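Quick one: structure below, then a few questions.
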């Protein structure tokens, strides 16, 4: 039992406790305010606990259920913060007596955390399904919305399909290696490569489905459109971060630079996602669907980082995840705060009607498009460094070409916001909490873009000692040494 | 020298101030005055920098460095050599017509207009100063955003298409350059183990010929889009045509010059061998630009499109000069850039003023404007003549030197280039003839019951000074020629220390 | 009749899985689609059992239990949503009709 | 002192131009005249002062050098704005300032009522300044400033009455055609600069003298010749000159008769060692001259517009100068340049005076019988016509043309014969003009009178057109060789004279021409209409060069440009964008909303992934 629990990060029991408390409170008296307070406090506590490992950790992941390494710490921090953002977005937006909403969110967060930290198939599966099932409830949240149910049933069927595929793959992997360790099976087994290859392919299908990489992405736009805005944000941000973390962990031991089947599939999916996501978004006028396309494309970029192991690979992915999380959450928060139909026509003239909101939205879009001074620019640069360093030429070309497509639709929204307003109707404003969230995210996006040093240093210090990182030690250049040498 | 970042921060801060001063809505022209003051201050600052520069200690005149993202070897490093100084002066000088002539007449939200204008200028200043490749790229991208908004907000009828086209072309090619920059950084890291974006360190990277060629092409394409080089010029006519007057002036006057500047600083100097091998192709592209631009220029009915295509033609000479492989060509290219900035900038002012007055850019609906607008027309005639490269004007010096440098490398190219001079006469005079001379167009006078107002003293002063500058540049270009040779990438500037 | 070898069991699981997948792809009734998914899940569970048998470990059976609970949970939620769909006025359980989210 | 005077001669007209332009129409006619004509008059005075000083005590090096400033100084090339006064530029200076002043004075009267007179004088003075720069420059590149400067002034002045589209088109044509030549000349400059590293004329000529091969002289000479041909309206770049008559008459007199069009002659004379080193170029110059003089004379024979007659005559006369240059008779060319400046300016101004008084009609068949109404103008025109025809002994044209004929005879008797034929035609067409315009029945009643500002220049030039030739006479008549002597430091001693019957031939042929003209166009009751056959029409339109160029070059160029107006490259980028949009639509199509379709995509993706594993 000690081995089982030795890796358990304290944040997980804290979240579990929070969930229990929330259950108790709702049973006693339903109150949205109390629910969100408890949920936020739980998240905060869990966040703080990331830096105090209660139990000593041996440092060797074999045979452990959890790996609370630097990668987990970083991902957990992102997950906790983004789900806190989701909660703030949801405040007063999800109808009355919505404390279950926060409960489900907490549950989903717990699932995401478990997934990100798991070293074992069972644990991973548990986390995945916790997240998946709580998402189901969240997607179908709006009882009156006819599309909510449609989105939920689509998600249910497709998620079930993908879960089954994933499980089958895990089973094959287990059959091949006899270990439930959550990692890509080695191809050098005694049975030949067929079984591990099939296992990897099936597992990847499951993971790609949740990540919504092309061609497993088809559910995402529909679900995002049908789900409430905070939930869409949760799917696009929290869930994807967790999934990407798990994917990275799955391939931690594999050499992705070798041209084998898994690497090829990853590369193909990356290219398809970049183009598919951006092209899909190009044709959309609904902003939620558009952001779905955008998030698909960003998965493609992240896969490029994953496929570029080396001194920059995971660090760049980490920075990119942060940039993506901030900008996407911000965009959804702005979408929620605007109280207009989430299509481009509704946002026309936003700069005249609500300049601050429009400015924030523009910042988020600029960040997503990778234009300075927002953090997205630096993050994309970082990923390109990684790609160049690993000589991923084809992927880089795809990134450049698809980014240009991306620019078009991001800027198209900005343009629509700058056009004269069709008519000035006083729409309801978002909550002050949401406004504060938007402001904070906008400021973070710009400030981090101007001064990314802290972020880089933080990610690097977190990822440096982790076994997941197979980086050559990176010597930071001391400019004053090299600039002035004769 | 702390003044270098100040050159970037000052316009940015001034822009913010102009924007804020517009909020009060007390005096509508307040933000305009703030903008003017900012530009004046910038000119003063540049004067101070020029005065206190480190003359006589090598080619680099001023230096600034501060850590920015040391984790990746990125520093906020700026260095100024003569080339940067010339370009900065050009920027500052052209800011005046932008602000004085066009920003004054902009309709709604002048504060925002001034903010965007000054922000673009700040970005351009940054581009001309940065010697850290990341910082350079940062500014390179940064200057596009306000420009995009300017075109989108104050542009003409087809502005949406033009703005997005502008943005996609420049940004897309910029991404290629980003990949090339990072490729260089990574190769440098492989060679030395050090990650740095420092221009001087990267210049020493040992490169295989193929790698150097590929990286050089990455840079070249980005700058070629900006310059622009045929066939990557297609964004330019649309953008110039649709942009507001100040936008056109900024675009033609300065923004295009960042392409030429980049070609000199980051293509020829960073990859000398690759650039030499590439030179024949570049020369051919330059000549193609000269001829194609001139040819299409003649076919246009839209006055701004005509000027835009003439820009394509003129900047072909810049490409010729840069890739002629001699200092003479480089100097000629710089003079050509300065002269083109002044003359074409002024032509855009004139075309913009005509559009304000006549509500059309179509030369089929102009004609005989000299009678109604003698001042405007005579100024237009002057700049048309300047742009056809009359000796005694700056353009001739640039064209002559670039052609002379080209002749040494390849006489046929130079001969084709001089054919471009003939064609430039054709389209310039055609423009003058169709717009200003001839009998008045039938539609005029009846549809515009009050006759359009001629240029007043404000416009005449600014444009007169521009004329004077062109004449001085044409007859006494030596100061610019002396300054314009870029400092070699290997001559590392002295760190800040004993001499301020 | 000898006991099935793990390989044979895996084969059976694969066939089951394919059947379930075909069911999802071919059936238009939502309920039947859900059932097909249950078949797929059970195929995975069977594969775990087979694998556990191969390695003589109990982990496969642990996983089987997990999958079972998941299948149950999914069926529950799925049925609830289908009920709500019905309540919301969707006339049939045909998955191909009445889709509003597309494009 | 002289070093200061030299630039001052240029500065005065330049300053005047600046003042006139900046005042931008606020000046009335009188101050404009005073500034315009006064500044050139001042220059003429200074020029006279300088000339007397130069003649009295020639500088030891043979030329007075003034370096103003260094223009461009870069690696491997440097050029200066530098002036030099040697005998050749001295002659040119006197012609430009002297004749220029007279013409400007005339213009004060001619343009008096034009509202844009300030602009007119601004352009005129600017032209004089540019022409002086051209003449003074001791560096080919600063010469090129003047070269292009006079071109642009010519453009501005031809299109001076810009409300008429025809004038604007003519101006543009003039500039563009000369620009084609200028481009060739620029290529020549580039070549020389590349080979020599400098464009200083003295340095270049020094290289020509020591190691001519270094300069690739053949190419250089032909390229420079291209510039000279266009500027001087020689075949095949002559088509602009007749159209250039759209400008006001003083402009035609100054630019398109006396000064600018002779710049090509000046250039070749200035660089004569280079041309002498290339015999083919010399032959080309001579042939071009001969062809032009014959073609232009033929055209002049059938023109009906008085100014076009004079324009073709100018082309023809410059053809003579080119013939002289090509035969190495440098002094003859310059001599003819000077006398031509006198008599052609006179002819233009007299024609202008006529035109002014017959209500701006220019068709000679609408005039007629004007001699009694304006005897003074008639006399002036007659003097000019006599000089142009080269009537023996009395006129300047006789002596200069005689010298050219001598040179041609020495080079090749065929050239001489051609030139003589030209002289015959010259006499015919100019006296045809005289007889039709001034004699016979009157078709238009003249009004007004010719004022003093116009009459005085006419008188001065009439005297010069007659007496100006006495500075240089054949030995057979009187051994006067003032001009040859002055120019001999540059060109060496002129060649010996040919047999005396040459002189007789040269004297009698013009007289015969006048006789023929009298026979054909003497005053009758019925004025002869111009011939209307095909050759006449061809000759009237300048032998079809215009049509040829129009169909071969101009139209295809413009048509193709129009076809590509929207830029084929642009369409390519649009196509890319359309492809992206189509891709977007395709992907939207993939989002059909059918959950089974979605599951199918997932399954398909999985199958493909599985197949990827099988591949190796």
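Letters are used for the chains, namely A, B, C and D, taken in the order the chains are written, and counting of residues starts over at 1 for each.
Convention: a contact is a pair of C-beta atoms (placed from the backbone, for glycine too) under 8 Å apart; a residue touches a chain by one contact, two chains touch by 3 or more.
Treat the numbers as computed from the prediction; the structure is a model and nothing was measured.
More inter-chain C-beta contacts link the pair B-D than the other of B-D and A-D.
Chain B and chain C have Cα centroids separated by 65 Å. Between the CA-based centres of chain B and chain D the separation comes to 38 Å, rounded to the whole angstrom. Chain D has its Cα centroid 77 Å from the Cα centroid of chain A. In terms of their C-alpha centroids, the spacing between chain A and chain B amounts to 42 Å.
Across the assembly, chain B contributes no residue in contact with two or more other chains. Multi-chain contact residues, meaning those touching two or more other chains, occur in chain C at positions 21, 24, 33, 95, 99-103.
For chain D, the set of residues touching two or more other chains reads 588, 591, 593, 595, 599.
Going by the touch rule set out above, the chain pairs that meet are A-B, A-C, A-D, B-D, C-D. Taken together, the chain B residues at the contact with chain D in this complex read 165, 169, 230-231, 233-235, 237-238, 295-296, 298-301, 326-328, 331-332, 368, 370-371, 374-375, 378, 385, 390-392, 396-397, 400-401, 403-404, 407-408, 411, 414-415, 418-419, 421-422, 425-426, 429-430, 433, 436-440, 475-478, 481. Contacts from chain D toward chain C in the complex involve residues 588, 591-596, 599-600, 603.
Across the complex, chain C meets chain A through its residues 6, 10, 13, 17, 20-21, 24, 30, 33-34, 37, 40-41, 43-45, 47-48, 50-52, 54-55, 57, 59-60, 62-63, 66-67, 70, 73-74, 77-78, 81-82, 84-85, 88-90, 95, 98-103.
Residues of chain A touching chain B in their complex: 366, 371-373, 377-378, 381-382, 384-385, 388-389, 396, 399-400, 403-404, 407-408, 411-412, 415, 418, 451-453, 456-457, 460, 474-479, 482-484. Note for the complex: chain B touches chain A at residues 65, 67-73, 75, 77, 134, 137-138, 141-142, 144-145, 148-149, 152-153, 160, 163-164, 167-168, 171-172, 175-176, 178-179, 182-183, 185-186, 189, 193-196, 198, 200-201, 492, 495.
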